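Shared between the two complexes below is subunit A, which has subunit B as its partner in the first and subunit C in the second.
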Partner chain A sequence: MKQVAATMAGTVIQVLVQAGDQVNDGQDVIVLESMKMEVPVQAQAAGKVVEVKVNIGDFVNDGDIIVELE
Partner chain B sequence: MNKQLEETLREKIAKVEQGGEAKYHEKLKEQNKLFVRDRLKMLFDDEFMVEDGLFANVMAGDLPADGVVTAIGKVNGQTVCVMANDSTVKAGSWGSRTVEKIIRIQETAEKMRVPLIYLVDSAGARITDQLEMFPGRRGAGRIFYNQVKLSGKIPQVCILFGPSAAGGAYIPAFCDIVIMVEKNASMYLGSPRMAEMVIGEKVTLEELGGARMHCSVSGCGDVLAANEEEAIQSARTYLSYFPANYTSEPPNASAKAPSEAAKEITSIVPENQNAAFNMHDLITALVDADSFFEIKKLFAQELVTGLARLDGKPVGIIANQPRVKGGVLFVDSADKAARFITLCDAFQIPLLFLADVPGFMIGTAVERAGIIRHGAKMISAMAEATVPKISVIVRKAYGAGLYAMASSAFEPDACLALPNAQIAVMGPEAAINAVYSNKIQAIEDPQERQAFIAEKRKEYQEDIDLYLLASNLIVDGIVPPSDLRQELIGRFEVYKGKRQVFSDRKHPVYPV
Partner chain C sequence: MRKVLIANRGEIARRIIRTCKMKGVATVAVYSDADKDLPYVREADEAVHIGPPPVPHSYLNVEAIIAAAKSTNADAIHPGYGLLSENEAFARRVGEEGIVFIGPAPKVIGQMGDKLTARHIMQAAGVPVVPGCEAPVETPDEAAEMAATIGYPVMLKASAGGGGIGMQICRDEQEVRQAYQSAKGRAKAYFGNDAMYVEKYVERPHHIEVQIAADEHGEVIHLLERECSIQRRHQKVLEESPSPFLDQATREELCQAAVLAAKAVGYTGVGTVEFIVDKNKNFYFLEMNTRLQVEHPVTEEMTGLDLVAMQLEIAKGNPLGVAQEDVKALRHAIELRVYAEDPSTFLPSPGTIALYQPPVQEFVRIDDGVEAGTQVTPFYDPMIAKVIVSGATREEAVQRAKEAIEKFLITGIKTNIPFLQEVLADERFRAGEYTTWFVQERVSK
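Right, the complex of A and B next:
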């Protein structure tokens, strides 16, 4: 199981993938807002999305798991 | 003289040059490693090489060259000194002659004022020989003393091919750059076995001190190479940007136009201050094609640092990366910048700052990690740099982020702005909240409240209008994006004669 973690503390403003989607290495999966900036978070490996663990509006901390990949 | 003497000598030389026993050469092959003398051949321009201490410890019989080759050769036509561990001889461990040879090649490099390259692949000290090689005046400590003394005088480059353990791990730590071969290179004070014995931690070598970990997490590594050839080539490329020593100018290469794949700057930088873009696209549009040599590519990626050429002339680039963590400055990125600025300033490489920075990160995690002192480190290194330095405000520069990126107060030779640059203590949204928080809360009608916020934001935007800043001489110029490369080439050409001494004091009290 591969995971995508938040790269910094912030609020989820966009969820770009859903369970079942195939993502590529380096593809944006979530966009956070932090320090007033849009911060895209990329998958660090290719895989199929098993679960998106956050919703729009959620606060996440640096390192929190946001997406699980197969 | 008896002809036989020469033949005997040649046989002895040939035997030493073979290194350790055949089984250790077999092991090298299994690990995808090259023999030390093959590494040297690959590093140098040609066959030419001068070697000292070939017969070190020859009387021992089984310690050819005492496990280290010290040599002088040419890289890109420049004379360089090299020390290279031979891991086929007692795993490249250090005895007293090994240490003496390393100290001597350092002394040679200092006298000749030429770069020194450390090809490291060593298990560390021979504990059985510790009295002779560890504690004394010319013991291993002297190697590190010399490295510190040489730092900033001559380039010191480390390629790590294998382990660099315990005390030996400080050789890379005191070099200007550490190139690590993926999977084989490692750096650690205590091995995984020792970690388990002493503190009870179970961990793999790769997790504890592997090349990828050091290049992406600890910041001890600067370049991660896929194999030895790539690592050696990286060292040659890196040195092509550097002078032989701090008194000479970095070498020029033939000028090249930017890459054909480069995009128009106006299409790279979004007008929306908050949207992400890839700073690498801007760098590609500005510098000579294929000239960007990135340093610490995998570490603290919210800031990009690297060497490049503008019209053939070397320049060091420090650029915020909005695509990663919003380009916000963190503890590690401030560290990365401080280190890179010091490197360029030491060797007369001009500095180009490309600023698009929302500020330093805030919140519990970074305050506890000491973001203020790390930020101070970056600002201090930038302020002290006396090489030609140009700051370009690409989009926004807020708060201490503006200061850290060499803005007007820090004596850049020029602080330039692109036309949608925004310079302020903070962005409009945050500023209005900070100043009018009580008033905003007090307005009960939501429409009225929104109107008030919109009005105040408009006033704020007018306050920080770029032409107003230029009118007040806060920026030295506003540059049309498509002219930026030519503007930078022209300015660096003009500033090249700059000679400035920052201070005559002994040294600052470094914020670390």
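Right, the complex of A and C next:
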């Protein structure tokens, strides 16, 4: 199982994928906002999304798992 | 003016409180739930809670801020920087409520906030502007046509933008066409105004700004320049003054252009005229910031003047009290901005500060807004402290900055202190030879 982790602490402002989607390496999966900055988080590998573990408005910490890939 | 409400937070609220105290002016702080334990809230004479953490509900909540000023009988509002400081409607509203707005007239804020209008005014006044278009470009075709006329590379900008937000470099027609729609969309979302324009992109430019001060009696002076070319993501990290790049003749011309710019808009208060300077020392008006600037302490440490004190006097209707010939670069000053962010990716790093120990050293000034135990929240700007050093020479100031930043101890969150150390140790920085490309050129090395 591959995972996508948050690259910084912040609030989830966009979820760009859902379970069942096929994502490519480097594709944006969610957008975080922190300290006036919007930062997209990319998948580090290609795969099928098994679960999106966050919702819009959730606060995540640096390193938290946000998406599980097959 | 007996009581000033500070419509801001963190380090700048604290810095304004310091001068007010010295001048015998009472202060009112406003704070969101996230900031209730910050030092500035304690240090103000009074503090009023204005709402939950997100800025639209607190620091941008005009009604809550006006209500706080009324309930505490504040007779003036200092907007600090960012937030409502360059909001024409807010400044007008404050005035309508019979409260003094510490800053220029609302109309001036509006004119300078619209970058195309600002370009027109400056051009008409004889201040050089970057070659570019006179009216907004309405379609990708118009943008591409304009870009071809100006010559690539160009900068695609939002008229309502500024401070590095809402602009994109385009090196060919394809890039202009690609960038146009998304940039327009972002401008609409961020600024509520999607007018776009195209300017010539100056390669390897210097970003140099001039501090000006103007009273209500028509007196306008400049307080020399600040070199602000060390930037990441178009935002400043280190500023110094005098600029190691300018020669005396260019400096004089640049400062005079800034005075001309301030006169052209009927400016009152302290303000900053930003210029882009190319490698041949040609300079062009970029924008005017109608407020106190983050890096104003550089000018204060260089000249020995207190800009907040000047703001208070000007707002009271008093004359400047400083003549142009009395403004001198007495020392070389450098400001380092300490950000709660990863030192290599520059991504925000909110969290709780465990240890906090700023350097205590002669000729080292710390303007900060946090302490041990402070929770640095994700709601606001990542800047937590500024280290301002000065020396008899640039060399002495750089050496002192190096010593000071090495001693600055912050644990619990990531900060850009290691990055600041690298900048100060960089040979090109030490030689004073750098442009706004400095940071990205270092990264790509």
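Here is the rule we use: the second predicted complex is superposed on the first by the 70 of 70 C-alpha atoms of A that agree within 3 Å, B and C clash if a C-alpha of one lies under 4 Å from a C-alpha of the other, contacts with A are read in each partner's own complex, and residues count from 1 in each chain.
Rule of thumb we're sticking to: contacts are C-beta pairs under 8 Å (C-beta built on N, C-alpha and C of every residue); 3 or more make two chains touch, one makes a residue touch a chain.
Computed from a predicted model, the values in this text were never measured in an experiment.
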Which superposed partner A:70 touches (first subunit B, second subunit C, both, neither): neither
Which of subunit B and subunit C A:8 touches, first, second, both or neither: both
First, second, both or neither for A:35, with subunit B first and subunit C second: both
Partner chain in contact with A:25 - subunit B first, subunit C second, else both or neither: neither
Which of subunit B and subunit C A:59 touches, first, second, both or neither: second
Contact residues common to both interfaces of subunit A (with subunit B and with subunit C): 7-9, 34-37, 39, 62
Touching residues (chain side subunit B, partner subunit A) in the complex: 274-276, 322-328, 358-359, 361-363, 365, 427, 429-430
Subunit B-touching residues of subunit A, taken from the complex the two chains share: 7-9, 34-40, 61-62
Contact set on subunit A toward subunit C in their complex: 7-11, 33-37, 39, 59, 62
Footprint of subunit A on subunit C - complex, ascending: 340-342, 345, 347-351, 378-382
